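Take a look at the structures below.
Across the two complexes that follow, subunit A remains constant while its partner is subunit B and subsequently subunit C.
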Partner chain A sequence: MSSALSPTIDRRAGIAKVLFGSPILGPLAALLMASIFFAIMSPRFLSGPNFSLILQQVMVVGVLAIGQTLVIITTGIDLSNGMVMALSGVLMASFAAQKGLNPVLAVALGLLVAVGFGLLNGALVTGVGLPAFIVTLGTMNIAYALTRIYTTSTVTGLPKSLTFLGDTFYLGGTAIAWGTVLMVVLYAITWFALRYTAAGRSVFAVGDNIEAARLSGINTKRVLMGVYAFAGLAYGIAALLLVARTGVGDPQAGQNSNLDSITAVVLGGTSLFGGRGSIVGTLIGALIVGVFRNGLQLMGVESTYQVLVTGILVIAAVSVDQLTHRK
Partner chain B sequence: MSIPAMEKERRQYTMSLKHLAVFGLALPLVLTACSSGAAPSTSGSAGSDQIVVGLITKTETNPFFVKMKEGAQAKATELGVKLLTGAGAKDGDNEGQVTAMENMINAGAKGILITPSDTKAIVPSIEKARAAGVVVIALDTATDPQSASDALFATDNFKAGELIGQWAGKKMAGKTPVIATLDLQPGITVGAQRHNGFLQGMGLVSGIAADSTDLATSKEVVCAQDTHGDQTEGQTAMENCLSKNSDINLVYTINEPAAFGAYTALKNAGKEKDVVIVSVDGGCQGVQGVVDGKIAATSQQYPLKMASLGVEAIVNYAKTGTKPTGYTDTGVTLITDKAQAGVDSKDSAYGTANCWGNK
Partner chain C sequence: MSDQTASAPLLEMRGIGKSFPGVKALAGVNLRVRSGQVHALLGENGAGKSTLIKILSGAYTRDEGEIFVDGAKVDIRNPGDAERLGISTIYQEFNLAPNMTVAENIFLGHLPTKLGKVDWAQARQRARELLDSLNVSLPVDAITGRLSVAQQQMVEIAKALNRNTRILVMDEPSAVLSEQDIEQLFAVVRRLQAAGIGIIYISHRLKEIFEVADEVTVLKDGSYIDTRKVSEVNLDDLVRMMIGRDLADVYPKRSGTPGEVVLEVSQLAQAHLVKDVSFTVRAGEIIGFAGITGSGRTEVARVLFGADRATVGEMHLFGKPYRPRSPRDAIDRGVALVTEDRKRQGLLLKLQVFFNVTVAGLNRLTKLGLLQLGQEKALVAKWIENLRIKTPSPEFMVVNMSGGNQQKVVLARWLSLGIKVFILDEPTRGIDVGSKSEIYQIMADLADQGVAIIMISSELPEVLGMSDRVLVMRDGRIAADLGRSEATEERVMHYAVGRLDSV
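Entry: the complex of A and B
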C-alpha cells in the first residue's frame, strides 16, 4: 500500500480497518453483547467491584494464555502450561513457607523451573523436530508427576510477601488487585513486542511459513526457542498469581488450565493454523469466559451451563476463522 | 492503493462482517440457553431483599452432590429463599470453588454451604468470605483445620468405617482376615477416617486420632491402593491386589463405585463368592449392590439432610443473626442383609427407602 500517493484513501481505509477490519471485532462484539445481557439480567453485574473481581478471576488463565498465544501463532500448542504452573507455584510456596528461603529467591526458583520447562519444550520441538502436541503432552505428565513426587499436600502459611499480588488498592472506591495490573502490563508489553519489534514480527513469519521465514534469513530455531522460553516465563508468573490469589501452594491446581488457555486464545481470534493472531484478542477471549462465568453465577444459573456456553462460543470462534480464511 | 491491496482491504472488511455475523448468530443462541437454564432457580419471588444462599459442591455430576443439591433446592423453595449453586470443574479443582464462592458473595449470598475439594487450599478463601460477613458451613467434608468454617454438617466418617469394620470382624470370625483396602487418595481426611475407622472397628488397630490424615496399617492388610473413588480405578486396583496376594478374603472400599470395580475384578478371577466386600456411601446403586449380593455391607450417609440443615441454618442466621457453630452429625446407618449379632444394622429394604441417587 502506498500511503504517499493516496493519503486520504489510506486514512479512511485505516479508520475503517480499526472499526471493522480488526480481527478482534468479533470477540469484542461478543464481550459487549454478553456484558449488556448480564447488566440487564442482574443489577449487581454492572459495578466496579464486580468488574474488578472478574479481572481477578481471569488473571491466572489470562497470563497463561499469553504464552499459549505465542506458541499457537508459531503453529504449536502447549498442553503443559497448567502443570508447569502447578509445579512452579508449589515450589515457590514450599521454599518460601517451609524451607525458609527468602521469598524473592523462592519466586526466582519457581520462575527458573518454568522457564526451564519452556526451554525443554523448545529444544524438543526445534532440536528433535517433534510435534509440539507430543512434546508438551510429555512434559505435561512429567511436570504433573514431579509435582506429586515433591508433595501431595497443600502448602499453607505463606509469607505476606509471596501473596501481595492478591492484595488490593483503591481506585475511585473500587478495590483492584495488584495481580490484575501486572496482567494488563504483561499484555501491553507482549502487544508492543509482537507489533513493533523485529523479534515479534519474526514470530508471525515463522508461524505463517517456516520455510519462507528461514529463506528470508530468520533464525527460525532461535525464534521458536525464544517463544517457548517466553511462554515458560509467562507460566511462572501465572504460578505467582495463582499462589497470590488462592493464598496456598496447591499441587492439584492447573489440571484444566491448558484447555482453558487454549479456549481464551481461540475465542480471541488467533488461528490454530498459525501465523495469524492477536494478543489483545486473547485478553478479550479470557474476559469473555470470565464474564459468562460471573454473569451466570449472579443470575443463579448452574455452572454446567457455563461449560455449555463456552463450548458453543469456541465452535463459533473457530468457524469464524475457517469461514473467513477459506481459500 | 494497488488493486490487490484494495482487494485485500475489501476482503478483510467482509471477513470481519462475517466474524460479526457468526458471533451475532451464536450469542442469542447461547443467551437463550442461559435464560432457560436460569428459569428454575430464579422462579418464585426474585426481589432484591430475598435471602440468597450459596451451595458449592465438588462436582456437578456425582449423584451424591446431585442429591445434596436437590435437598438444598427443596428446602430453599420451602423457605422462599434463592439458592445459587456452583462446583469445581472436577474433584480437586480448588480455584473453581474459589471463583464460585467470590461470585456468590458478589451476588449477595448471606451464607455459603461448601463441600471442600481441597480441605486445606480452600481455607484462605473461606477466611476472606467470613471476614466479609458471610457464614460458611462445610458439608460432608471438613475443612482442615475444621475451625476454618463456622460449622460442619457431615457424616461421622470414622464411625462409618468403624461400623463396617465391626460387622466384618464378626463376619470373618474363625477365619484369618487377608485384607485389601481400596482407598481414596493421599492427604484427604475422609479417606483416612473411613480406612482407619474400618481397621479400628475390626480390632486390628487402636487409639487412632479420628482426624488423622495418615492411613493406619496392620499386618492383615496385604494390599492398599488408591482409587480416587472411581469404578475403573477400583477394578485395576483390585486386579493388582489379586496379583500381589491371591488369598485376599476381605476388601474394604472407600465408596460403592470402587466396590463395584473390585467386584468385577474378583468375578473375572472367579473369586466373587469367596471374598467379602464392604463399603461406605449408601447410594441407591450401592444398596442395589447389597440386594444383589455384590456388596456385603455398606455404611449409608445422608447428603440430602446435610444440605437441608445447611440451608435452614443460613436462613436462620439471615433472620436472627445467630451463627451456626460446631459439628452436627447427620447420621450413618449400616446396611446389610446378613446382620451380625451385636452390630446394629438395617436391611437393604430400609437402605433402598433412604438411599440417594437414581434407583
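Entry: the complex of A and C
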C-alpha cells in the first residue's frame, strides 16, 4: 500500500547509499565489534603485523569470494571454485617447476583453465538451463578428478617469479604481502564495474528477474556467461595467490574453499535469492571470518572451536538480515 | 435472500482505525455484511481496502474500532482467530502448493485421519463433494500447478469452504480471469450466496459490481465514504465517490488524424498460436486488440517486440524490413512492449525506481564505457515529474509501490527512450481508476506526438474508449477490423467468441 510507505525511505542513507544500495552497515558493525572485542581480549590483536597477517590469511578465500558474489547475485551458486583453484594452481606450479615453461606462460595457462571452467559452467547454465547448483556440483568433481589424474603429489621447487605475490614490502614498519594488495585492487575494480558500467547493472537486473531483464533489452545469456567467465578468472587469480602463499602446488588444496567463499558472501549481506548484494560486503564478510579465526587463535582457542564460531556467525548474520528485511 | 429483521448482521466492523509509523492508513471505517450478501468494497489503490481486509483476516491488528460476528464482539489478533470465526480470504496471488493435487490443496493442514493415517479415500471424496457443490468439474487428483488460473481459483474457494467459511473475502478475483471465466466465477459466487455465506468482493472493474453485488462500501484515502445499495447507484456515482470527479473525462479526447504507415505486418504466423495476421499501424494511431485470453493477441505482441520469433510472415517498420531477433533489436528500432504481467515480466521488483527506469537505455547513458550517473539522475527525475510517479525517492524499491505507480515506472522506462511504436498489453490491469485515467492521458499524448500505439485489452470499454480502430482476434486470426464508429461492445464480443460470422 502506497500510503504506508514513507517511513522507510531513509533507511539506507550515508555510506551505504554510496555503495550502490547495499546493506553493508550491518556487516561493517559486526566487523568493528569483533575487532574491539578481540583488541580487549588480546594485547597482540591490535597491531600492524597482526592485521597484515589477517589479510594474508583471507586473501585466497577473499578473491574466490569475488567470483562467488557475482554468481550469487545472479541467483546462482558456485560449488566448483575451490577445486578449479586447486587444478589451476597445480598446473601453474607444475608447468613452471617441472616442465620448464616460462612462469608467465604457466600462469597464463592456469588462468585459461580456470576461465575455461567458468565458461563451461556458464554454458551449461544458460544453454542447457540446468540449475547452477547441479552444474557446479558436477564441475567441482570433474576439476577434482582432473587434478588427481594429473598428479597426486605436491609440486615443489617453484621458481621465485611464481611466488612473488607472497613476498612483502614495508609500509611504516609493517610487512605487507603483495597478494593482499592485489586482492584489494580486484575488489576495487569489481566494485567500480558493478556501479559504473551497464554490464554491472545488468548483473543485478538478471539476478532480480531474468525474464523482465530480457524484456528490457538485456542479453541475459551474455551477462550470465560473462559472470561465470569473470568468476573463473577470479578463481585462477586465487590459485596464483594460493601458490604464492604456500610456495607449492597442492592437489589437496581448496577442499572447503567453496563453502568458505559462500560464508564470506553471506556474511557480507548478499542475498542467496539474487538481485541484492554488495561486493564490499563480501570483503567485509571475508574479514569477519579472518578476524574471528585470528582473534580466537590469539586467545588460545582450539581450531575446532573456531569452525564452530564460524557456523554460528553465518546463521546469526542471515537471521539478522532476514528479520530486518521482512515486511 | 437476506432477512432484514432484527437479527444481527453476520459481520460488522465499526470505526476501524489503523496507523503505521507516521501514516494513518485507516480511520473510522465501517463495514456491515449480512449472511447471503455480496458486499463490494471499492476504492483506489491506497484507499485502505487491503489494510481493512488484512485486519479482518488477522494479518494486521486494528488500533481502533470494534468487530462483531453474529452480533458478538470478537477480537481478531492473528490468522488463526480469523479462521476460527469462519473468515477466509482469497488473495490475487493464490495460496496453493503448485506441486500438490487438488484434493491435497483443499485439505492442506486439515487432512482427515483414520487411526493416525491420512484417510485419502475420504479426503478425495469430500474434495469431490465440495467441487460438486460449486458445480465445478475438476479432477481431484490433478496437479494444481498445471490447472488454469480460473481452475486454481476454484480450488481456493473449495479450500475455504472446507474450513467452514461463513465470511469469504475475494480480493480482485476477476483481475486474472478471461471473460468466460468471469461468468463462471459469478455463477459460483451466486451459489455461495445462496448457501448463506457473506462475501466481501473487491474489484477494480466497476461494471462487475452491478452484476454481482448487493451493496457497496466505498473507501477513499483511508476514510469511509459511504455504503449504498447497488440498485440505487450508477457507475458515475461510484466513480465520483471513489475519485471525487466524473467518469466523463476518463477517456481523453483526441483530434489528430493518423499519419504515415509506421508498422506493416503481413501474414504473420507463429507456432499454432498466431495464424495469418496482417495489419498496419499509422503514426498517431491507437489500435485496440480485442479478443478473449488465448486468442493470440499477446503472442502477436511478443513477436513484434522480438521476445518470440515468427514462424512465417513479414514485417516492415518505416518501410524497411523488420525482423527483430531479440527485445534489444526491437528497442533499438524504437519498438517497446509493456507486458501483461507487470510483476513477472515487466519490473525488477526488488530494485529501485531509477534502476527500473533506465535499465533499457543504459547504452545511451554510457560514455567511454562508464555510466553517467549525474545524467541518469536528471533523466529519472524528469520522468518521475512528467508522469507524476508517486515515490518518496528515486532509490525507492518498486515492490513497495502501488500498481498504478509501478505501471508508470514501466511507462517511464520506454518513454525515456523516445520510442516510435508502443505496444501495451493490458496496460491498466489491476490499476485504480485515478491512475487509469492518467495512463489513458499519457497514451493519448503519445499518439498526438506521432507514436503508433497498439493496445491489447480485455476491458471492452477501454478498447472502445481509446482506439481509433479495433482488431478482434479469435483463435490466432484477426476476426474483424472495425473502425471507431463500427465498433460496439456487442459486435466486438460476438467476433471475439465467434458467434457471428457475418454481419
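Please note the rule applied: the second predicted complex is superposed on the first by the 304 of 327 C-alpha atoms of A that agree within 3 Å, B and C clash if a C-alpha of one lies under 4 Å from a C-alpha of the other, contacts with A are read in each partner's own complex, and residues count from 1 in each chain.
In this section, a contact is a pair of C-beta atoms (placed from the backbone, for glycine too) under 8 Å apart; a residue touches a chain by one contact, two chains touch by 3 or more.
Because the structure is predicted, anything quoted here is derived from the model rather than measured.
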First (subunit B), second (subunit C), both or neither touched by A:197: second
Which superposed partner A:212 touches (first subunit B, second subunit C, both, neither): second
Touched partner set for A:161, first subunit B, second subunit C, both or neither: neither
First, second, both or neither for A:102, with subunit B first and subunit C second: neither
Subunit B versus subunit C as contact partner of A:276, first or second or both or neither: second
Subunit B or subunit C, by number of subunit A residues touched: B
Touched partner set for A:141, first subunit B, second subunit C, both or neither: neither
Residues of subunit A contacting subunit B in one complex and subunit C in the other: 1-2, 5-6, 9, 17, 21
Contact set on subunit B toward subunit A in their complex: 1-2, 5, 9, 12-13, 15-20, 22-27, 29-31, 33-35, 37-38, 41-42, 48, 60, 82-87, 89-90, 92-95, 98-100, 102-104, 106-108, 117-118, 120-121, 123-125, 185-187
Of all residues in subunit A, those that touch subunit B in their complex: 1-2, 5-6, 9-10, 13, 16-17, 20-23, 25-27, 29-30, 33-34, 37, 41-44, 49-50, 53, 56-57, 60, 152-154, 156, 242, 245-248, 250, 252-253, 255-256, 269, 293-294, 296-305, 307-309, 312-313, 315-317, 319-320, 323-325
Interface residues, subunit A side, partner subunit C - complex: 1-9, 12, 17, 21, 195-198, 201-202, 204-205, 208-209, 211-219, 275-276
Residue numbers on subunit C that touch subunit A, as the complex places them: 20-23, 25, 45-46, 48, 50-51, 221-222, 305, 307, 326-328, 331-332, 337, 339, 344-352, 355, 359-360, 362-363, 365-366, 369-371, 373, 390, 392-393, 395-396, 400-402, 405, 413
